[in-house]
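Pasting a structure here, questions to come.
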Amino acid sequence: MIHLLGPYVVAALLVGLGVMGVLARRNAVLVLVGVELILSGSLVLLVAAGATAPSRWEASSVLPLFVITIAAAEVVVALAVILTAFRHRGSIDMDEAL
Amino acid sequence: MTSLDLAFAACGLLAVVAGLLAVTTRQVVHAALWLVVALLGVAGCLLVLGHELVALVLVLVYVGAVVVLVLFALMLTRAPIGPDLAHAAPVWRQAAAAVAGAATTALLLAALVPVAGSAVERREISNQAVATELFGTWVWPFEALSVLLLAALIAALAISRGRAGEDT
Amino acid sequence: MTLEMSWGLLLPALLPVAAMLLVLVVDAVAPRARLAAPVIGALGLGGGAATALPGLVGTGPRLTLCTPAPEGRCLWDGGPLTSTLQVAALLATLAVLALVSIHRAGVIDVVLLLASASGAAAVVASRDLGTWLVTLELATLPVIALVAWRDRRAAAHGALTLLTTSLVSFGLLVLGAALWVTGTGDPTLTGDSLATAWEVPEQRVLVSLATVVLVAGLAFKMSAVPFHAWTPTTLAAGPLPVSALLASASKVAAVGALIVVLTPYESVLGLSPGPHAVVAALVTLTVASMLVGTVMALRQTEVVRLLAWSTVAQAGWVILPLTALTAAGRRAAAVYVVVYAVAGLVAFAAVRAVHGPHVEDRRDLTAYQGLLRRDPVAGGALALALLVLAGLPPGVIGLVAKIVAIRPVVSAGLWPVAVVAVVAAVLGIAVYVRWFAVLIGEPGEDAPARQRSRRASVGVALVGSAVLVLASVLPQLLVGLVS
Amino acid sequence: MALILMLLVPGAVGLWLVTGGRGLDAHTARVVALVAATVGGLAAVVAAAMRPVVDRAWIPDLGVRWHFAIDGISAPLVVLTAVIGVLVVAHAWVEQPWTDTHLGLPRGSAATYLGALLLVETGALAAFAARDAVLFFIAFEVVLVPMWVLISRYGDPKSAAARADASARFILYTAVGSTLMLVGILLLVGQAGTADLDALPAAAGALGQGPQTLIAVLLTLGLAVKVPVFPLHTWLPAAHTTAPTAGSVLLAAVLLKLGTYGLVRLPLANVPDGFARIAPGLAIAGVVGILWGGLICLVERDLKRLIAFSSVAHMGFVVLGLASGSATGLQAALIGNIAHGVISALLFVIVGGLKHRWGSVDLAVVRPALREVSPRLGFALILGLAAGLGLPGLAGFWGEFLALVAAWEPAHHEGVLRTCAVIAAVGAALAAAYALRVARIVWVGDAVPDAATDDPVAGALDRIDTRTPDTRGVELAVLAVLVAAVVTIGVVPHTVLSVTAAAAEALVGGGR
Amino acid sequence: MSALQVSYLLVLVPALAAVATLALRRWQGPATLVSVGAALVSLLLAVVGLVVAPVRGTDLVPLRGSYAVGGLDLPLQLGAGPATAAVAAVVALVAAAVLVFTRWYLAADDRLAVFAATVSLFTAAMMLVVHSRDLVLTVVGWEVMGWCSYLLIGHWSRKESARRAALKAFLVTRVADIGFVLGVVGLCAGAGSTGLDTVVAAWTSDEAPGSPALRSTLLVLVVIGVLGKSAQFPFQDWLPDAMEGPTPASALIHAATMVAAGTVVLAQLFEVLVLADGARWVLGLATAVTMVGAAVLALGQSDLKRLLAWSTVSQVAIMLSALATTTRDVGPDPALFHLWSHAIFKSLLFLTIGWLSVIAGSTLASALRGAGHGHPLARVAWLFGLLALAGAPFVVGGLSKEHVVVTAYEGAASAGGPGVVVLAALLVTVVLTAAYAVRAHLVVSAPVPNSPIPPLGPDTPGPNGGIGEKSTGHAGMPSAPVLASLAVLTVLTVVGGLVLLTGLFDVHGASVWWMVLTTLLIVIGGGLAWLARGSGDPRDQFVRTPRHRALADSGFGADTAYRALVARPVLGLARVVAFLDREVVDGYVRGAAASAGVAGWLAERGHRRESPSAGLGLLALGLLVAAGTAVLTWR
């Protein structure tokens, strides 16, 4: 037996922290960290949906797998872009205007 | 309050506290490391919820690959080992970010809590079933995912190699 | 699990992928064959568009990837609306490929364009969250790379902006998807899945929130205010063809994705779109986009920035009919975005024909002084595109598109929104007529020299203009596509 | 056939002139344009007499059809537009804005100018003939860009800023109106389920009071900009002052008519109850416009602006007639519309000619008496002024008189409309005052100093070309046609009234 | 030829003549011949009309069916009755005489043909008013007359005073026409038709379309228009100024057309007018004030042409007063009869003074002293004209004035309307009229030989603001046709009263007692003037100081009052409105443009930092907005 309140609260907190991280950080890499937190919060939510009742086509298991993979792909591109930007701008400060 | 609840609470607490530190710490490398902790906490949560496969993938992909990449990126962009003063955001902005985060949390809680209901039986999820669905029903997006990965690979390669001077 | 699958319907998305793989293979086998990649790419895109054509005329359901009845759900819908958007996205990508110009297009350009095109073609047809998420990112991610991989400071900056916003938008999309699954227990974006959740008030709230978050995430891709900040930076900094891609194919994909999200609501809300959260969110987006985009465009003198802000404004116009949450509104949005994509492409192509590939050129409005006399072909195409964007005859199709866009809103009783649209339309006329006035003026002395390698740009501009003229004479050709 | 010819010939030739034919030399372009305008005009006259119908699907998904027909209400306007179309093209022999160089810059080609004229004519004809609400809107919009080109490109060569301001005002202002009207049309069409103007009144008649009022407000607001009704008139003086003569003529004689015609066609015909509800407001705006325009004309220095403001006043009478809601009022509005078309066209041709001769039409500049130096032009001017002040026997009288009668005995809101009638009658006296002011200054040369030697403006007098050449040739012909029209409508108003009678009766449901 | 056909022809012939004359204006001679010929044809027609004039009470058959404009019928019919036939005849006569005179008087004018055309048009308009059986046609003729008077008065447009006088004449009458048009509009709208008979029938029936108060108001409005056109108080001042026009124009305006039109119209509306006490009071009071005031002013004028002008004002007031006082039984014919007689003697007077002024070079009394010497016909014409003006018994003017006085008495006796006031005013006026008539005669026939004053050019005003007459370039002896027409008019002045024998005018017999009384009054007035004749202008005995003279010449300063009360406030208002239009009404346009600009500026400031994090900041904003709307609106 498990209460669903727990996962929901954790998910909400993680997403909130992620939003905060995205907004507060000036370092582009650390913005990524915030995004990862939002994603992990969402994962908790997704998984919780499948933990108690069978979701259609096991979506609550499959979708997290997709999300993790997409996120990995994104991170790869993101880091490449960040490195390029660093190469050209000399910094990855998000506040730096063009 | 069941034992599962307790276990979940522990993992969740770990994840949240680590997440908080990850978004607030001044030391960029620490932020990445705290992220690892937070992700481990999340993985624990997933385990408690019965999704071993997802938890495993999370740990493998995120902790094993993503965070390492992040660390590399931090190094390559010459992040200081100590507190990163160059990228310190002003206090008002941190406060605003905190407010935005809190608002998001509140919004989500306001929507989620009413549907939480009472304790329910945890469902056993068989990896067999997941695999069947993944390669049965979900085969089409799964293939699309592979294309995405390929494209991302090429993209990352192209970006990091660059092409000097020329423009389209 | 067995899936009913008809390959024909999947071809619009599959052919570009196949072409992409083929390009990679050819490149590996014969790296010297420089022309191979663009040609294969063009064939893939053209073929994809061609295979989508039957959907334009076909009647009856064109569903595939369906699970068995009775609880069957389909993951893919290749109906007329989808096919229209697919054709538009694929052809727009083809036009961008042409703009990149055959000689310069490297393997990487082609591959990334193809990947993006297949993502766009797939996302508009998807009916489940998995496909939707994956293909939406497939449509987006290569574009970021396309912006970034040219080795320039401005491009890198633009890419960084695009990247961060796109990452956050992805986070929002996933969050929205999670909420949706939590609310409905169903990963498909269909009316059925929504209807069951609609019965329970708490779930209804949850689902509404999910949709709002999804809409917010998509607003990034559509560059709707307030999720638009990347647009002027990225469009102005990136290569012109990629900006054209962002303004056309990417926008079509984003609108398609938005339509996918909103379609379920037609069954539950369409009849009485009152003060619902989803409607409120859409109205906010459309009003803010239309007004801010136009007002900002009014002040720009750099033409790409002007086009970028006009993209923002047009995003508002695209969302406008969707606020009605009716089938008519959905179709209207498709028509509008297609018209906009064509006109935008023509405008970008004309700009490229005037300035050439060098972004560092002074792309100022003054460079267009008297263009219609100096360069009747590019000038004429640009003038037509501007009139279409402004919605003024002889750009009748632009006017028809505006009528089409306003109609569902008015029918749904949201006429105050329509009145805001009136203001935006008038400001928009001011924006485009300002440029148009420069075009038809007398040539100044300091006009930039005519570019040499501009055949491709002029060609794209001419083909686009031909489409616009044809559609102006017979709007039914375009309007009728989606019904 | 006649309908198609009427729309196709000027439209196609106009489009060709502004695109492919821009290279044509001025003479060829003029001949081509004149032939096109004449053929189109003849076709229009034939169409107005034969009343053919064209009806085929265009955008089935929007329910929009190519549905053109001419009825009693549009027939006089179609003929007016056709005649004015020929006249403005012919006027290109007199005034040639493409050669008016300022600062040594050429100003576009003759072909573009003539093409724009033809396109405006086409748009107006299409709007008058359209029997589909959405089609009407599209045709309504067609005139915007060519007219904008005429103002911004071929307008007053002296001030580029004024041209930009006036043309932007014109296009944005009218776009506000037309888009509001579009919202109204779409609301109407959506509620009634058809866009066919023949079927709309019946379909929309069943609407409730609320929707009717809303639709009427939107439509009326939108169209009031075009009319223009006070206080939405401020685009008009700027546009008139800046536009070339032909542009002013088209603007006054054709484009303003689109507004009133639209008011008749859309709100009055389709949502009569709603229109009746807002009629008092409209009537008040109309009479305020009468007074407002009349008063400004008493002190306005620029003659073109003055005539523009007098247009505001005259259209006030038309609006008053419409607001009365009776068949008499409708007839008054229709004949007032036509009359204002020919009178203002006449005045603008004259004033344009004067501006051409004098360089400016500032009334404060001392000039010789027109009746002395160019009697024919002077005669035309005094006739135009007399018609403008509503002298019986000339065109302007009938619209004003009948509007007053209609407002005195309206179909609704008797108190408000009677008051409006009284005020409008006062406005008619103002019309006399400003018309005579112009006559006194221009026609009889009030400001001619008796002794030029001790006059401070004597120096200025020397610079002015006092040998104002009299009108001749094409200009004379244009003036003669307009004068004939003014007198004919004035003496035999039944030429217009009998055409519109049946349709007007049908529109307001058979009399009062 | 039926009376109807005659009436149509009487309108058409001068109108067509006007067009033809205008078309031929390059050739002055033939052009004027055409108009003179047409005038003579009209005269002939009018005489025929007198013969075929229908018997009283006969219905007129319309030539064709009526038009309908919406709910309004427009019969647009003409008609003729005995009185109208007589009025038409005198109009035709005066017009013909004026045109004949013009050909001589303006022979050297380069715009002679235009003048003649205008006169023809003027005549046509008056004929239209006279014969109109439709209020719209009445308005048409009414306004066209106003316009023609503008053209005629302003004929010498090289002269500032003429330009101003023309403008003033038109504007003053036009302001009064606000009332006229409104009244007509109200009457027609109420009756649902513009046909005169329908309107009269509707408004006199028991089920009138409006309350008696409304009826009275509408007629007051009509009366206001009439007061304007007929130069009655408070609109009187335009008429003396109109003397700036050429003398033939004055003759036409004063004698038979414009100022008399009000009488004709009110006579047409008589059936309604007698029911409208308010209108009768307004008319009676205004005319009473006018007839006395104008007579006083006539006595004090330094310019004989202006004297005649004021006498016109006074005489027209007498005509109109008859309409204000007459009872239903008596009817409007006394007024029309006075119109008839006034037309004859006033045209005679004007043409004579035109001739005299050519001799003297000015119309100032000082210049005209003794101008009658050497021109016996002129002296005789002048004498008989003045006799008629003064109302001497048995000449035409005396007869008609007698009838007016009797009418006023009967009106006062039957105790309704403003009869008493009018009667008192009439009696005072009789005295004053006799006085200024005697004065006018004394000036012209003074034994002092004409002092040679050089003829004045048209562009230079005469001394004291007098009226400079056009030099005609001949020695002052008119052509034979002119002399003939003067003779005809003189004869008619004497024997015109015989028209009463034809029964065209339906008037009651005059009372011998009243005749004796008025004769007495005339003798008193004339005697006083004769006694005061002194050595110079007899006026000097009445008006001694220059200040008073200036006051008299300026018509008690009415012009100043017009400027102060009407012109200046209106112009001030116009300036205010122009300012408002520029700064306030246009303000919202510019405000919209400016606010778009400001919004753009603000938005641009908001987007100035194109840093990646700015986008994220906007995201936060967007999220909060979305959350807010979601919370507020979800359901």
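A few notes on this one:
Letters A, B, C, D and E mark the chains as written, and numbering starts fresh at 1 in each.
Convention: contacts are C-beta pairs under 8 Å (C-beta built on N, C-alpha and C of every residue); 3 or more make two chains touch, one makes a residue touch a chain.
Just so we're on the same page, UniProt names per chain: A = NADH-quinone oxidoreductase subunit K; B = NADH-quinone oxidoreductase subunit J; D = NADH dehydrogenase subunit M; E = NADH-quinone oxidoreductase subunit L.
Owing to the predicted nature of the structure, the values given are computational and were not obtained by experimental measurement.
Central chain (C-alpha centroid nearest the global protein C-alpha centroid): D. Each chain gets a centre from the mean of its Cα atoms; the one farthest from the centre of chain B is E. When C-beta pairs in contact are tallied for each pair of chains, A-B comes out on top.
Of all chains, the one whose mean C-alpha position sits at the greatest distance from that of chain C is E. Averaged C-alpha coordinates put the centre of chain A at 94 Å from the centre of chain E. Taking the mean of the C-alpha atoms as each chain's centre, chain D (NADH dehydrogenase subunit M) and chain E sit 35 Å apart. Computed from the mean C-alpha positions, the centre of chain A lies at a distance of 4 Å from the centre of chain B. With centres taken as mean Cα positions, chain C sits 30 Å from chain B.
Counting partner chains per residue, chain E has residues 610-613, 616-617, 619-620, 623, 630 touching two or more of them.
Multi-chain contact residues, meaning those touching two or more other chains, occur in chain A at positions 11, 15, 18-19, 22-23, 26, 28, 31-32, 43, 45, 48, 50, 53, 57, 60, 62, 66, 70-71, 73-74, 77, 80-82, 84, 92, 94, 98. Multi-chain contact residues, meaning those touching two or more other chains, occur in chain B at positions 96-97, 100, 103-104, 107-108, 112, 115, 133, 137-138, 141, 145, 148, 151-152, 155-156, 159, 162. Listed by label, the pairs of touching chains are A-B, A-C, A-E, B-C, B-E, C-D, C-E, D-E. Within the complex formed with chain C, the residues of chain B that make contact are 107-108, 111-112, 114-115, 132-133, 136-141, 144-145, 147-148, 150-152, 154-156, 158-159, 162-168. Per the touch definition, chain C reaches chain A in the complex via residues 1, 67, 73, 129-130, 133-134, 137, 141, 144-145, 148-149, 151-154, 156-160, 163-164, 167-168, 170-172, 174-175, 177-179, 181-182, 185-188, 233, 237. Against chain A, in their complex, chain E makes its touches with residues 609-613, 616-617, 619-620, 623. Of all the residues in chain A, the ones that touch chain E in their complex are 19, 22-23, 26, 28, 31, 94-98. Contact residues of chain A toward chain B in the complex are 1-27, 29-30, 32-34, 36-37, 40, 43-45, 47-48, 50-54, 57-58, 60-62, 64-66, 68-77, 79-84, 86, 91-93.
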